[in-house]
Each structure stands twice: as C-alpha cells, then as structure tokens.
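There are two complexes below, and they share chain A, which is joined by chain B in the first and by chain C in the second.
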Partner chain A sequence: MSLEYIETFLFTAVRIATPIMYVALCSTIALQGGLTNMAAESMMLISAITGVIFSAISQNLLIGILAGMMSSILITLFLCFAAFVMKVDLYLMSIALNTAMSGATIYIMYVLTGNKANTAGYFASLQMPNIQIPIIKDIPIIGNILSGHNGFTYLAIIMIFVVWFIIFRTKLGLRIRAVGQNPQAAESVGINPSKIYTISFVMASAIASLGGMFLSMGYQNMFIRDMTGGKGFIGMAAATIAGASPVGSALLAVVFGVADAVTHYSKLYITDAQFLSAMPYIITTVLLFILSYIRLKNSEHDMRKRKAAALKAHEENV
Partner chain B sequence: MAKELLKMEGITKIYGNGFMANKDITFTVNEGEIHALLGENGAGKTTLMKILFGLENCQQGKIYLNGQEAHIENPLDAIAKGVGMVHQHFMLVPNLSVAENVVLGIEPGPGQIFDKKTAVRMTEEASEKFQLKVDPNALVRDISVGLKQKVELLKALIRGVKVLILDEPTAVLTPQEVRELFVQLKTLRENGYGIIFISHKLDEVMELCDSATILRHGRVTGFVKKEEMNEIVLSKLIVGRDVVSTMEKKESTAGDTVLKVRNVTYVDDIGKKLVDDVSFGVRAGEIVGIAGVEGNGQNEISEIITGLLHMTKGTVSINGKETTGLNISQIRKLGLAHISEDRMTYGCAQDMSIYDNLSSIYLDNPKFTKGVFVNQKALNQYVKDCIEEFEIACDSEKSPIRMLSGGNIQKVIVAREFTSGANIIIANQPTRGIDVGTASLIHRLLQKYTREKGFAVLLISSDLNEVMNLSDRLLIMRDGKIAAQFTDMKKVNDELMGEYMLGIKKMTEEERGDLH
Partner chain C sequence: MKKVQRVEALFELLRVVLGLVIAYIITLVLIILTSDVTPQEVITNFVLGPFTTPRRFGQLMGKFIPYVLGGCGMCFIYGCGRFNLVGEGIVNFAPAVACIVLFNTPIFNHVPWIVGVGILLIICCAVGGGLAMIPAIGREKLKISEMVTSIIMNYMLLYLSLWFLKSLFADRSQAFLCSPMYPENGSFFQLIPGTNLHAGIFVSIIGWILACLMFDRMRIGVKLRICGSNGMFAKYSGLNTTKIVLIGQLIGGIYAGAAACVDAFGMYTRYQYSVLTNIGMDALVVAVIARKKPIYVPLAAFVLAYIRTSAVVLNLSTNIPIEFVNMMQAVLILFVAAQHFLQKSKEKAIYKISMEESKEKGAVV
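After this line comes the complex of A and B, so read on.
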C-alpha cells in the first residue's frame, strides 16, 4: 500500500466524518439536556434542500446557509411545541417528523423541478469552497490529510469548541446540564425545564443544519432524495457512546468516518453489493460495542477513584 | 415580644380528588424560633408546607410574611419573599459540583458567561458564615447524605431566606449528623431565623423546638410551648389517644436457628472491608436486634442476606438452604421477607396502585391463582384485609402509592411483607419517618408474629429505643464486626450501648457468648 493511498484514505475518512460530526455535536447538546435528539435526519434534510434553493435563487452563499438554518430551526420549534406544550411524545413525534421530511423534501423538489431524484440541472447551488490551510498544507503527510477540505469541515472543528464552551462555560450550559440530570431540582430554583429543552433543541437544530448543508452545498452542489442516509442516527450513537462529551463525540464521529471509508475502499476487493452496503453498519456496531466496554471500565475506575478521594477528604475533616 | 415572621391563617386545602388535606389551619413562627409541626402520617404537614412554598395552591386562607399579606405563586416567588424549603427528597443535581448546585439559578458572571471561581468563592463564604462545612468542588453524587443536606441548607440561605422549612430532615441522618444539624439550627435561631421543623421523633422535638403545632386529619389539634412539652402530652395530641409505648413483653421461646450467617466478609469496590468475618444466627420465635453507628456494616449485612449485595466470603442459609448463587426472588421463596430502609427505591412501585403493590408478589402464589389465571376474588379480599389490619389510610385501594403520605407507604410495604408467607423478616429501619401511632402498631405486629407464629426477625435500627424495647437479643456492630451481644435486655441501657457502639469497650468472644 503506498503512502499516497493511505493519505487519500484518511482524507476521505475526514470528509465522510464531517456531517456525522455535526450530528454528534447536535445530539450532544440535546443529551446534556437529558433528551435524545432523534429528529436530526429531518433537520438535515430540510436544511439541505432549503439551502440549495435559496443559494441558487439569491446567488449568495451566506443567504443560502442562513435560509437552510432557519428552515431547520422552524421545524424544530414545531417539534418542541408539539412535545413540550402539547405533550405529544417527543420520540414518536421525532420519528414521524423524519418520515414526513423525507417525503416533504421529495415533494418540494418535484414541484419545483419536476424531478424526484435530485435537483441537478435545475438549481445550481453555490458551494462552500475547499480551503487550503497555510503552514499545515506544507507539512508532509499531515498536510495532505488535513488541508484542502471543505469549509464546512473546518467549521465543524470550530463547532466542537463552541459547543464545549456553551455547555461548560456559560450559565445556559449549566442550566442545560442541571435540567438534564434532575429537572425537578432545576425547577425548584426557578428554571423552566421546557424552556431549556426548547433552547437546547434550537441550538442543536442549527448545528444539524450545517451537517445537512455540507451534503448538498459542500460535498455536492445539489439536493439528492434521502441524501442523509441514516447519518442522523449514527451521530446520535456517537454522542451517546461518548457520554455527551463534545470532544469525545466528535472524535467518535471520525472513527465512524474511518469505518465508512474502509467500506468505500473495500469496493476494490469485495464485490458483493449487499455485504458492502451493510459493512459500515457492521463495523459501527462492533466499534460501538468495544468503545462502550472501554468506557464502562473507565467510568468504574473513575468512580472508585473519586469515591476514595471523597472518603479521604471526609476522614481528614473529622 | 419577638417579631412575627410568618403567619398562616385559616388555610384550607382540597386536593383535586376532593380530599381535604388541610382545614382552617392557623399558626405563626416568630423571629428566632424553631417551631415544630407534628402529626400522624397523612395529617397534612407536607401539604401545608407545600402551600407555604408555592408548590400547591389553597382554596382559602392567607399568608402573612413580616406582617404583610403575601401571595406566593411558585417556589421562586417563595424564595424571593424569604421562604426556603429543604425537601425530604433532595433537590440536587448529582453530576454538578457542590458550588454549582448552590448557585444554580443565580449564577455569577458577566453576561452569559458562568464564573465558576466566583461560584466557589460564594459557596465558601456562605459555608463559613453559616458554619456549614462543605467542599465546594466535590461532586454532589460523591458526598454523604448529611453533606447533601448541608448543600440544601446553603442553597436556601445564600438566597437570603429568613424562614426555613425542614421536612423530616433527620429521617435520613445518622445520630452524629443529627447532632451536627441541631448545632447549626440553633446557630441560625440565634441569628433570628424562623425555622419550621417537621419530625416524628419526639425526643428531637423536645430538645430542639421552642413550640409545637399539632395537626390531626388536617386540623390543628394543639399548640404546646417548650415548658409544657413531654412525650405523653405530645403523643396524645398527635394520635388522639394514649399511646402504649411500654409494651408487655412476653418471654420468647426460641426454636431452631432458621437464619444462619457464617463468616461473612464484604469488601466494597474501593477495597474497604465493610463486613469482617461476621457469624450469627436468628432462631424461630425471637427478635434479634442489630444496633450500631450507621455505616458500621449493618446495612451491608441486611443487603447481603436479602441478595441485593454479593458477599466476598462466607455463607448465608435460610431455613437450612444456602443462598449462594440464588437471585433475590429465589431467596425470597426460601422464606425471607424484607422491609427495606430505602422504601422509595426498593420497597414499592410509586406509580402503581396500593392494590398492585400489595398483590405484586402473589401473582405466582397458588392461593391466588386458578391455573394460569389470577383469582381476582381472593386477591380483592386479601387487599381489603391488609388495608384493614394494617390501618392504611387511603381513599381507595386503586390510588397510586405516591399519593399516600410517607408513613402510609411504609404500612403498605409492611403489610405485604408480613403476609408474604415468609417466616424470616429482615426489618431495616422499619419505622423511619413513621408517626408514633403507626410505629407502635408495627412494633406490636413484630412482637405478635414472633410470639404467636414463630417468626424470626432481624431488626436493624438506628433508633436505640426501638432496638432496646423490641429485641430479645441484641448485637452491636462496630467496624464491620460484632462488638457485643446482650442476652438479658434488662441490663442494657443507652450508655452501655453507646460505649460499645463507639468502640470504647469491646467484648471478648467468651463474654459475647453463643451467637447461634
């Protein structure tokens, strides 16, 4: 295997990981607030198509992205209204929304273009450019893997820190965590859990929308039906396994990107299409298994250490 | 004349299901006063406090704070107007630090940024000022119950409340922690705070409180000043009749050893030996008490016997069969019943009805089944009998457990366990949080079942009077070992027990005698 081959392989892995990273971060925020975000698929789909249409019409990339983000926030507000005001089950509602958005995006596309498969040829979406990172691009090997990615990929990396900052360094983040672990306790000091849930879901939807638009306006320049292909759930799994840690979920997203890339490259050797299509999920499942196990062991170890420390501190006090 | 901090006047509360929990209640709390609120389980104490704290609304009545009428809409409003509450079930976020819990909702810092350092400093300052020692950086889930309560107190005090409600604060504390809490509460009293103290332990009330208001069936039935307080007066006002506290104790006629604990050792996950090579037995027809300062292995013993915890070494046998390798339900079938210390977690299913909770363990009992079907009639009769014999106060057997008052929940569990067909009962703190009347009912039942039906009872309790009065044989645990055994209960008193509990004295193996 040549060096170049490995470089391209890892480059592909980072590219594939980008949307998963966004979803993982989006799920992280929701999870910190105590809820699982199962609607990431619909958030990505609606923003992917809205972004394409608006950027094509306005011929302005920023307007396209903002419009995509708004569409994702709008359906999320609807979801929150249903779940937290009308008290419909959040998870049933999320799944229903996913099905509805898969159909709705195809319908919108059909009405506007007459085509049910993709928007190519009707809407020429503007695309986020690829960016060469100065200095890094000149480092051998690393440069070839990390430089030259799409703008959305770098934005995702920035988002890791943004999300981390929001959760661990702001008042809102503290309240999100408090509500996530003990809503009654938060309520008893005047924090309204429904409000916190809604805010965290809206933030999550803004992040998910960037993942959706990476697909249609970064990697591609068109909307393709069901182009998210289950990434919303893989990202959700990454966040759950990483225990809702922003950095951990993003790293796991990269691991899943590697799994996907492996599949991609196995095409040269494996010809069974059915097996190939199942492969990323098989690899993902196995990885999840191993990682959960490691995490469980680690957390047990941590707990022991912390308990021992607490005990010692107490004994010293007495 | 002390200044009046709080007055509740003519409070009437009817719950959504038409149940009148408070009827025309009036009482006042002065500056620098600790005021006890007493009453049977279900008398309406918690309800009244929920109204004061804005968690429930009332149909009639007025609340005055500092002489001015106040409308309290919600807990936040209550805190803003100077009323704080420490709930019986703590309102803390386990994965946040002590400091983060204390400042939650009033976080310091510029704009949206949370300034953790200032939060820690604020907590330290308050902890200093109110003499409540806590480590601001520890995670709440790692600290003891006693410390958690201090965090709750700090949470209220840092928000500047003047009236503090404590709903059964001592029910979950060890005797030492209770001592400490009392010192702190007395300091607050000196600083002019008004404290409402709810408890079922009359000795605590007499030691700490300046006056007491007694409720029964939602009405005020009495007001007593410190000078007039004594156990007889208080319990009569609470129950409405004289409570026979000194029981006629019949001689026990002990039979075979049915519960055997042999060389049991338990090492926890941080490598601490909590139970150290303990052996003893309980014979049919006797009550064996275990006393000790909490945390000396008593809980672990009870959890090991019932199968909640796996011992590191040793064996336990029930009616002659070893329990090693069996699960909880298999162990129960050998003839063991368990009244758990933590009734909310292990004792009952909160959202299910009294009926379902009572019948849950009988669904595979031949007495109540016809083939694969449940014999509804027999089950109905059984539930009715239970409610009657154990005096469970409820609207209907179909109401969910969580709508009952704390003491009535305990009665449901006691009823189920006493009638489960088992002949060995592990009673771990069976009367914690229970009023004097019900406690004496449970005591009488324990006696009756051992004397008349030959039950073997292992009673674990931090209430020294309880173990002294009930036990036929008393063991004292210290550092995971049995430090003493008393077979003649007439020779035992608090002081003697205390010496062994604190490790000042220790019995040799001969002095201890046969542990069976």
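After this line comes the complex of A and C, so read on.
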C-alpha cells in the first residue's frame, strides 16, 4: 500500500464525513434542546434540490445556497407548527415529513424536468469551489489530505465552533440547554419551551441544509433522487453516541466517514460487498450500546459518589 | 356520561375522515395543477383505477394483507408509547432467514403445505420478535433512543439480508439477485389465479382477530394502553412498566415478522427484495389512521392500500411519479394525528351537552 493510496483514502474519508458532520451538528443542537431531530433527511433533501434549481436559474452560488437554506427553514417551520401548535407527535411528523420530502423532491424534479432520476442536463448547477489552503497545502502528507477539499467541508469545520459557541457561550444556548434538561423548570422561570424548540430546530435546519447542498452543489452538481441515502440518520446516531457534544459528534462523523471509506475501498478486494455495506451500521449499533452502557455506569458511579459526599457532609454538620 | 363519550368518538371519526378528504383533495388539485394530465384522466385512474380490473384489485389486496398485520403490530408498539421502527428491517431480514431454512435444509422436502407455511411463519415471527427486542432492551435498560437504534438497524438488516441472499441461497442462473423459485409447500398460493390475492389473507384475518382480543379483551392489552396513555400513572399504580413495554414491542415484532412472511412468500415467487420495502413505515401510518386501535386496522389498511395502488395505476397510465402519494401521506398524518385539529369544536360540543344534562337534572347553573 503506497503512501499516495493512504492519502487518497483519508481524503475520501474526510469528503464522505462532511455531510455526516453537518447532520451530527444539526442533531446536536436539537439534542441539547432535549429533542431528537429525525427530520434531518428531509431538511437535506429539500435544500439540495432548491439549491440546485436556484443556483442554476440565478447563476449565483450565494443565492442558491440562501434559497436552499430558506427552503429547509420553511420545512422546519412547518414541522414545528405541526408538532408544537397542532400537537402532532414530533417524531411521527418527522418520519412522515421524511417520506413526504423524498416524494416531493422527486415530484418537483418531474414537474420541472420530466425526469425522475436526476436533474443533470436540465439545471446546470453551480458548484462550491474546492479550496487550497495556502500554508497547509505545502506540508507533504497532511497537505494532500486536508487541503483541496470543497468549500462546504471547511465550512463544516467552522460550524463545529459556531455550534459550540452558540450552545455553551450565549444566552440562547443556555436557554436551549435549560429546556433540554427540564422543560417544566425552564417554563417556571419564564422561558417558553415551544419557542426555544422552534429556534433550535430552525438553527439545526440551517446547518443540515448546508449538508444537503454539499451533496448536490459541492460533491456533485446535480440532484439525484434520495441522494441523502440515510446519512441523516447516521449523523443523528453520531450525535446521540457523542452525548450531544459538538466536537465529539463531529469527530464521530469523521469515524463514520472512515468506516464508509473502508467499505468503498475494500470492495475492490472483498467480494462480500453486502456484508461490508452493513458494517458501518453494525459498528454504529454496537457503539451505541457500548457507549450508552459506559455512560450509564459512569452516571451511577457519580450519583453514588455524590450521595456518599452528601452523607459525609451531613454527619460532619451533626 | 355516555353522550360525552359518543361525541368524543364522533369527533375522532370526523378527524380521520376529514383528514382523509382534505389530503385527497389537496393531492388531486396538486396533480391537476402541476401536470399536463386532464382531470378526467386523473379521476379515472387515481380515484377509480384500483377497481377497474380484477388484477388491479388483486394488487390492492396484495398490499392490504401485510398492512393489516404490520398495522396491528404497530398498534402494540405505538400504543405503549414507543417508536420502535425496526419493522422495516424485519420485512427484509425475517424472510431471508426463513429462506435459509427453506433452501439449505431438507426440512421442506416432504411436508404438506400447511406445515411448510407454518414453519415459515414461525421462523419469521421468531426472528421479528427477537429483532424488535434489541432496540426495546436498549431503551429500557440503557436509555438509548429506540428510534435511533431501530432506524440504524433497518439499514443493517437490509444489507445483512442481501448478504445472506447472495452468499447462501442465490439463484445463479438469474440475471438479477434473487433466490430460486419457492416450492409449493413454501409459499402462499393465489386464491384467484392471476391476481395478488393470496392465501396469506387468512393469516391476516387470524392475526387481526388475535390482536383485537389481546388489545381489547385481555389483561396485557389494558396494561399496554395504560402504559401508553400515562407511563407515570402506570408506574405508580403498581404496574411493571418495563416488562409491559417490552412485551408490547415483542408482540409488535412478531406481527412485523408475520407481515414479512405473507409479503415475501405471497406476493413474489422468489426472494428478491433489494431495497427497504417501506411496509414498516406504512404500518405506522396504518396504526395512526386506525387511532392505535387494532379493530379499525383493516379499514385503515384498506385505505392506505387503495391510495398506494391508485398511485401505481396513475403512474402506469400517465407517468406521474408514484412518490407523490408520500406527500399526501404527510398531510394525512398532520390532520389525523393532530390533537388540536377540531379540538375547539369538540370542547364546545361537549360543553353544550354537559350544560343540557345538568339542566335536565334541574341543577342551578
């Protein structure tokens, strides 16, 4: 195995990890607010197609991205209206929305182009350019792995810090966390949980939309039906495993990216392609169980420690 | 109080019917406005399509059979307040395991039809029940969201079943990835030749009756409903909620397995799933339309099967993509599952009745 081969492999891993990273961050915000964001798939799909159409029509990348983002936010506002105003079960509505968006994007594509598979040849979408990072690109190995990625990839890395900052360093983040830990307590001090949920979901959708547009405007320049292919759920799992920490979930997204890249690369040598395709999902499930077990044991341990400390303090006071 | 209950039941029904009508009208208008198909064509194909030929009606029944079983199962899972969606993966995986027994062991060589089908059904149900327990136990013991686990598991099961298919029982003489033809004693025969109406419908009927009995007439059903409507109340009234919720999901998994069995061995002549079938998700929709009550599941299953078949018919005759019904489904769920839809009118009606009742009793208001 040559060095060049490893370089391309890791480069691919980072590329595959990009959309998962966006979804993981989006799920992180929702999880901090105490809700699981099941609708990431639909947020990505609708922004992916809207971005392609608007960037092709306006021939302006920024307008395309903004339109994609707006479409994703609109869908999320609809979801929030259904869940928090009409009182439909949020998860039920999210699942329904996912299937609906999978259908809606195909229908939109059919109405506009007459094609049901992809938009190639009808809409010449603009693509986010690949960016060479000045100093890093000259470092021998690291340069080839980290430089030359799509703009969206670097934006994802910036987003990690943005999300971290919003959640842990702003007033809004504090409120999101408060609602996430105990909605009733937050309500009793004058925070409106539904409002906070909606705000956190809208932020989440804006981030997820970037992931969707990476697929259709970064990695490729067209929309393909069902192009998210379950990435929304993998990202959600990453955020759940990482316990809703922005940096942790982004790192796990990279781990999943590597797992996926292993699958792609070993297809050349191993004939059991189906088993390999199942691997990332098996790893995810096992990781979910093991890490949850460890977390549960740790929290039990902490509780026992705290109880002992409290008893000791009590005895000393007496 | 009986009058009030009647009003509540009436509004439940009204909500479902209105939801259906609104979703239907929105879809029809949308199709007519956005495509170049004439309204007449839409009505003949989409509205009446499934009833025009016996073959199409058979197609509808073919979808209806697994929907009934899956819907009953989802009533148990959703009824106890859990979102275990592993049914989707079970539909692919359970028949694959059954196929291993069918093609790789000599069990099926000389058994009569009823025994053969019984074995298939038992294997599928056992696999389904076992798989449904994984997310369920994760949720109850380790507090992992059962939704996340089950959705990830769906993809895992899809690829694992493809792997089983390819490595253990694929028919190499075919151009696409599929198993050999099922033997006579390992499949549900067609009741009306040339249609998809197959003997699996008997399994559905028996399963539905059992589900209704369990849900409405047996202790477990009552306990499940209490857990579903108020977990805290159930806990404080001394119920072992963990156990009940686990049993609910086990039953749900078994039903999903049965749905998988009737679909795989009834609709097709070979095992040939290569993607997720969406039966698991549709089962959830059926359970929602049936308001989590197994007794209404056949009705809900018929409605959904009708909508899906209509979409197929419209697609075949006008090239409009089938997937547009997915949008209709979302609108349907929005109205059917919305607690606030018609809430005000219901409250008004109940208020009026209560006032009248108290006036009759001569109370001073």
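As a working rule, the second predicted complex is superposed on the first by the 277 of 318 C-alpha atoms of A that agree within 3 Å, B and C clash if a C-alpha of one lies under 4 Å from a C-alpha of the other, contacts with A are read in each partner's own complex, and residues count from 1 in each chain.
Rule of thumb we're sticking to: a contact is a pair of C-beta atoms (placed from the backbone, for glycine too) under 8 Å apart; a residue touches a chain by one contact, two chains touch by 3 or more.
Fair warning: this is a prediction, and the values are worked out from it, not measured in the lab.
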| item | value |
| --- | --- |
| Chain B versus chain C as contact partner of A:Thr170, first or second or both or neither | first |
| First (chain B), second (chain C), both or neither touched by A:Ala278 | second |
| Partner chain in contact with A:Ser2 - chain B first, chain C second, else both or neither | neither |
| Winner by number of chain A residues touched, once chain B and chain C are compared | C |
| Which of chain B and chain C A:Val111 touches, first, second, both or neither | second |
| Which of chain B and chain C A:Ala186 touches, first, second, both or neither | first |
| Residue ranges of chain A touching chain C (in the complex, touch as defined) | 36, 38, 82, 85-89, 91-93, 95-97, 99-100, 102-104, 106-107, 110-111, 116, 230, 233-234, 236-237, 240, 272, 274-275, 277-278, 281-282, 284-285, 288-289, 292-293, 296 |
| Chain A contact footprint on chain C (complex, rising order) | 34-35, 83, 85, 134, 138, 142-145, 147-149, 151-153, 155-156, 158-160, 162-163, 165-167, 278, 281, 284-285, 288, 320-321, 323-327, 329-331, 333-334, 337-341 |
| Residues of chain A defined as touching chain B within the complex | 169-175, 177-178, 181-182, 184-191, 300, 303-304, 306-311, 313-314, 317 |
| Chain B - residues contacting chain A, complex | 74-76, 79, 87, 90-96, 100-101, 104-107, 109, 112-114, 133, 135, 138-139, 142-144, 155, 269-270, 272 |
